[in-house]
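Read from first to last, the chains carry the letters A, B, C and D; within each, the first residue is number 1.
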Amino acid sequence: MESWIVKNLWLIPALPLLAAGLSALLPRPFRKASATLAIGSMSGAFLLSVVAFVHALKNSGPDSAKEFFNFAWLQFASGDVGVLKLGWVLDPLTAVMLVMVTFVGTLIFIYSVGYMAHDENFTRFFTFLSLFAAAMLGIVIANNLLLLFMSWELVGLASYLLIGFWYHKPSAAAAAKKAFITTRIGDVFFLLGIVWLYHETGTLLFYDNGNGCLEQTALSKMVTHATVGGLAVSAAIGILIFIGAIGKSGQFPLHVWLPDAMEGPTPVSALIHAATMVAAGVFLVARTYPLFEVTLPGLAGDSAATVSTALQVVTWIGAITAFFAATIAVAQNDIKRILAYSTCSQLGYMMIGLGTGGVAVGMFHLITHAFFKALLFMGAGSVIHGCHDEQDIRKMGGIRNYMPATFLTYAVGMMALSGFPLFFSGFWSKDAILHAAHSWSVSHIPFYLGVAGAFLTAFYMTRQMALVFWGKYRGHERPAVATKTPQLLALKEEIEPHESPRVMTVPLILLAICTVGLSLIGTPAWPWFQDFLGSHHSEGFTKDTVQIIMISGLVFLLGVGLGVGFYGYVKRKTASEPDPLERLPLGMHTWFAKKYGIDELYELTVIRFNAWAARACAFLDEWVWGGVVAIVSYVTLAFAWLNRAIDEFVINLGFDRGCERVSRGGSLLSRLQEGRVQVYLRVLGGALVVLVLFLIWGGGK
Amino acid sequence: MLNQMTLSFAIIAILIIAGATAAMTFRNLVHCALAVAVAFAGLAFAYLQLNAQFVGLAQILVYVGAVAILIVFAVLLTRGGEAAEKKVFSASWIWGGAIAVAVFGVLAWAIQHSFASQREPLPEAGASVKQIGTALMTKYVLPLEVIGLLLTAALIGAVIIAMREEDKSK
Amino acid sequence: MADLDQIFVTLKHWLLGQFANVLPECWLPIISILLSLAPILIVFPSFFAIMTVMERKGLGRIQNRYGPNRVGPFGLLQPAADGIKALIKEDVVPRAADKLVHFLAPLVLVVTAFTVYAVLPIGRNMVVLDLDAGLLFFFAVGAASELAVFMAGWSSRNKYALLGAMRAVAQMVSYEIPLILATISVVMITGTLSLPQIVLAQGTYAGLLPDWFVFTPWGFAGFILFMIAANAEANRSPFDLPEGESEIIAGYFIEYSGFKFALFFLAEYVSLFAISGLGITLFLGGWNAPFPALAFIPSWAWFFIKLIALMCLFIWTRGTLPRLRQDQLMNFAWKFMIPMVLINLIATALWRFIDAGLTRWFVCGAIVVIAYLLLGRGLMQGKKIAKRTYRFAD
Amino acid sequence: MTPLAGYLLLSAMLFAIGLAGALTRRNAIIVLIGIELMLNAANLNFIAFWRFGPNPEALTGMMFVIFAIAVAAAEAAVGLALIIAIYRHYKTTAVDEVNHLKG
């Protein structure tokens, strides 16, 4: 059953890794070489993933056995338990993720050739990109929680390097640090979860012919144990792992790093926030889903299973994030920050989907979102590129006349994100989530939050579109250039935005096509995708499906209408004008703009506490340990003094005597060798004579 | 034929001794170099006469062709070429001469009284280049490699030693 | 036509027989050696005389002027006139000069130049002494000439002379290495140092071409390298820095006049013939005829035909190429010639061990050509080679 | 007097001359020449013994001389280079003036 592709799944991450290693060795001028290397390896990985996908398609189905390939990695203790086995798994989940990541990744690579064209650290950038892609693919194919964790950390590292790519900008460096540390917080819990899981099940392999940690025996073993508060061990571990996911995919408490991460180059934002890194969290939950969903009655075979605690946590966190990130996004002015917050909220949706509807729902939104969010980010990048690195949407406007291709593709992305009914993938995926949330047995609040979030999404996307693409260009506050003198024309050239090069627009167009096309594979009418992921009970267009569709369509129209009302008609003349939303009651707008002051909150609590702890440690170090050390040192000093005294008055005297004699003898000897070669030679000759004489008379016979 | 042998031997011996003595006594260094070249050539003839054709020619190639030239270059590079120095012999040359004479004395005495030198010469014994080549490539291949290494090292070393060191002024 | 081919050999034996009647036994070896030396001492100087005329006329043609054309028919008697002039000219020796060395230098030079011919097979069975290590002998004696050059330059007590001598010696030493290494490849193939045997090894004919070593990849490269190095050894243009008239008036023999000066010229040309003869022997099949059909022409004739051809090549080179600079000279020797020759050795070894067939042609050819291209590129980096332009008098 | 003894005496004479030169001359180059002469004397010995030895077929003596010549060439090169370096440093080549180890 082990086919070639399953055995050699490792090739997929290996290719970009190789590219990273090679281009790390390339000297700076070899720009083309490194770009070719990265893109070539990535597209190679894409082809392989397509092969894998086809393979997965062949033996997919409701009861498709997971295909995996395990091998013993290292022997840390004697016996069979002491063998640490790694491996990779190929199931629909992996296949879909592989294709998505490699495809979007390839497009982003190509795009960044254009975007980074003027950067002198071109090769370094591609090295990091390839490393990132390799790590991400490693996460995707891992069949072992440890392997997954390693790749996970690698992703963290790569994202750190990429966000801080322009490390000379202090803000970028700070953002990189922030991202790294924040995600670390989540990873600590993740690691705890791993350790606990290993303690419980004795294996970290997901699937291992029945003794994997995600398989029946282990699960039942875990779910039967209960820890504090009657929480099942499985649920507890699930929550720990989920915290890791929170950190990575910027869910509510740990989302702070994500908007700041916009300091990185835009392709990086696209890669990290759209396609891969943040999706990693969702993917992690999806991968370990059995751990989450398992419950005692569920094991007992009770079909109307109660929802496990872990899933509830997932859902609530998702719902909160979905709503509240959307509210923040409303009031942002940085084009990329808006997208970042919307990413947060979309991830929240995915979490809701996972929590309420199962793997398929969440994953479907993940995939669609990956495409249109990558599209949006790259479009934003193209806009920024065109407006001479201007990121403030208030300073833009009327761009659509300057860069039509970007405008159209961006519009498609916006439609998808804000859920334009029936034609765009985003609509269907979000709709599925809402539907799942609506039919959730625990509570309906997530549903309402989701709907509100959808409304806000439509609203702020409309706002962004209006500010960026409509109206007139506000980039230069100076009067428009009328006279036609050449230098003024040149000035015009320089200040007016311009369309991006082909290498940047073509990926946009491709992505736009995919964005529209994907909507065909997940509709309730023909839920091929959900069936493929194999955990779906579709009932076609039933009454409440239609009802949900109506609702979300309505919500969309409302949002767009409001947006147009606020920003479409009242065109802002200058960049400095106040935002119409600021007229909202009780200073909500300021709250939004301040992101609920969560950063400040952390500043006040966590970081201050941290600093305080550090100071305490310093104090301890200085006075307690320092004191001990000082005492020890004094004792040592005393000994040293004693030694010295002994040396001085006992040993040295004796030595001096001896040395004098030796030196006198030496000076006597040195008379013989005053450095004249010929004298030595003479001695040699004499010695020869003596020797021969001795031979003749003495030893001769 | 023997008298011819001895005749040529005498000529060669005189050539060698004269060359060597001249090389050791002339005041002008270049003359010394030329004289020693003569001595080397004489030695080469001696080898030829001893049927050591290859060695003899190698002797000329290496000593007359290379070493003598080297010496000449060194002489000119150390400004020894122009005028003869005032003091040619070192202060205590008596000692040196005495020791040299003593060495010759004992060696000659030993040669005269050693049984080895009483042996009569064998009939023709020679070595063709082919034999030498095979010997070098089979039995003596390791020494050959070592010599190659040594020569390379000597080449590089000589270049580096004689290279003009950057003046410390800068 | 064997008798015509062997005519000189038979003549010598006949003369030897005549002497045997009148002289005691022990003299015969000396007589025979003298009998073989005499023709060399007669033929090559006269060849030198002809060559001077040829060269001057050829250079004249190349430089678009008449050569010597006054003395005798077409100026053919020019060398005789020069000889007489040199003989009756006063022999000036600088006062400061080191008399003895100054006197010895030209003699040593001429002697070494002539000694070299002892091992050169001028025709079938026409070699003075067939040494087992003939090639080594050739180079050993040739090496001795460097000392003579130095003697000449140093003893004249003239800064130009010393400069020229130093240049000459440095140049000879550096170009001796590629010279010898280039010949080594032939030795590797034939497995002998004796020149007559090397000639015999090239005596056969393979289809259209004779089995001369110049018709193999390594042989071709080796021949060209050998000729370049020989050109430098003989201090001829474009390597004539040691006697560059425009820089150091005549180099190491600036202070010589009259007959000694002529001796220097003689020695130079004679050694040039000798080294060309070596080239012929090693690469051009010695005295072998290029085609079996032409074998009726006697071997010594072939040798001289080839010699004249090479002489024309030398004259042509001299008339064509400008003089190098000292650093260019050294760079060329150490950065191009020596690596090239070493690579050629490798190619030869492969040729020796790959059995006959097209493969070894391809392999060796590829090695040589690639090495040439790479080295050439490497040396030509960043150099601007302007196209030469010609101006004709009209 | 047999030829072997003649050659041996000759080489002994050569050796003595070289030694005398090396012992008495002040100029380092001449000292080097003297050493070269001694080396050649040894070579002559080897060749003589090879020629008149019991079995010349074993080319031991000859091989020894060949290697000795190679070594001597290397030695001359390095030695002269050293002398030139010394001359640059002390502006003299007199061995009895160059008598302290550190410059």
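In the analysis below, a residue touches a chain if its C-beta (ideal position, glycine included) is under 8 Å from a C-beta of that chain, and two chains touch if they have at least 3 such contacts.
Treat the numbers as computed from the prediction; the structure is a model and nothing was measured.
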Field: Chain closest to the middle [Cα centroid of all protein chains]
entry: A
Task: Please name the chain that ends up farthest from chain C once chain centres are defined by their CA atoms averaged.
output: A
Field: Pair of chains joined by more contacts [C-beta pairs], A-D or B-D
entry: B-D
Statement: Note: chain D sits from chain B at a C-alpha centroid distance in Å of 6
- request: Report, in whole Å, the distance between the mean C-alpha point of chain A and the mean C-alpha point of chain D.
  value: 76
Field: Centroid distance [mean C-alpha coordinates] between chain D and chain C, Å
entry: 34
Chain A and chain B, separation of their C-alpha mean positions in angstrom: 78
Message: Using the touch definition from the top, which residues of chain D touch two or more other chains?
response: 19, 22-24, 95-96
- prompt: Where in chain B do residues touch two or more other chains at once?
  reply: 54, 58, 66, 73, 90, 95-96, 99-100, 103, 107
- line: Where chain C touches two or more other chains at once, the residues are none
Task: Provide the full list of chain pairs in touch.
output: A-B, A-D, B-C, B-D
Query: For chain C, which residues are in contact with chain B within the complex?
result: 26, 101, 131-133, 136-137, 139-141, 143-144, 146-147, 150-151, 154, 162, 166, 169, 173, 176, 191-194
- request: In the complex, go through chain D and note every residue touching chain B.
  value: 2-10, 12-27, 29-30, 32-34, 36-37, 40, 43-44, 47-52, 56-57, 59, 62-63, 65-67, 69-78, 80-85, 87-88, 93, 95-96
Message: Can you tell me which positions in chain B touch chain A when the two form their complex?
response: 90, 95-96, 99-100, 102-103, 106-107, 109-110, 113
- request: Please give the residue numbers of chain B that touch chain D in the complex, ascending.
  value: 5-6, 9, 13, 16-17, 20-21, 23-24, 29, 32-33, 36, 39-40, 43, 46-47, 50-52, 54-55, 58-59, 62-63, 66-67, 70-71, 73-75, 77-80, 85, 87-91, 93, 95-97, 99-101, 103-104, 107-108, 111-112, 116-122, 125-127, 131-132, 135-136, 140, 143, 147, 150-151, 153-155, 157-159, 161-162, 164-165
Task: Sort out for me which residues of chain A touch chain D in the complex.
output: 674-678, 681-682, 685
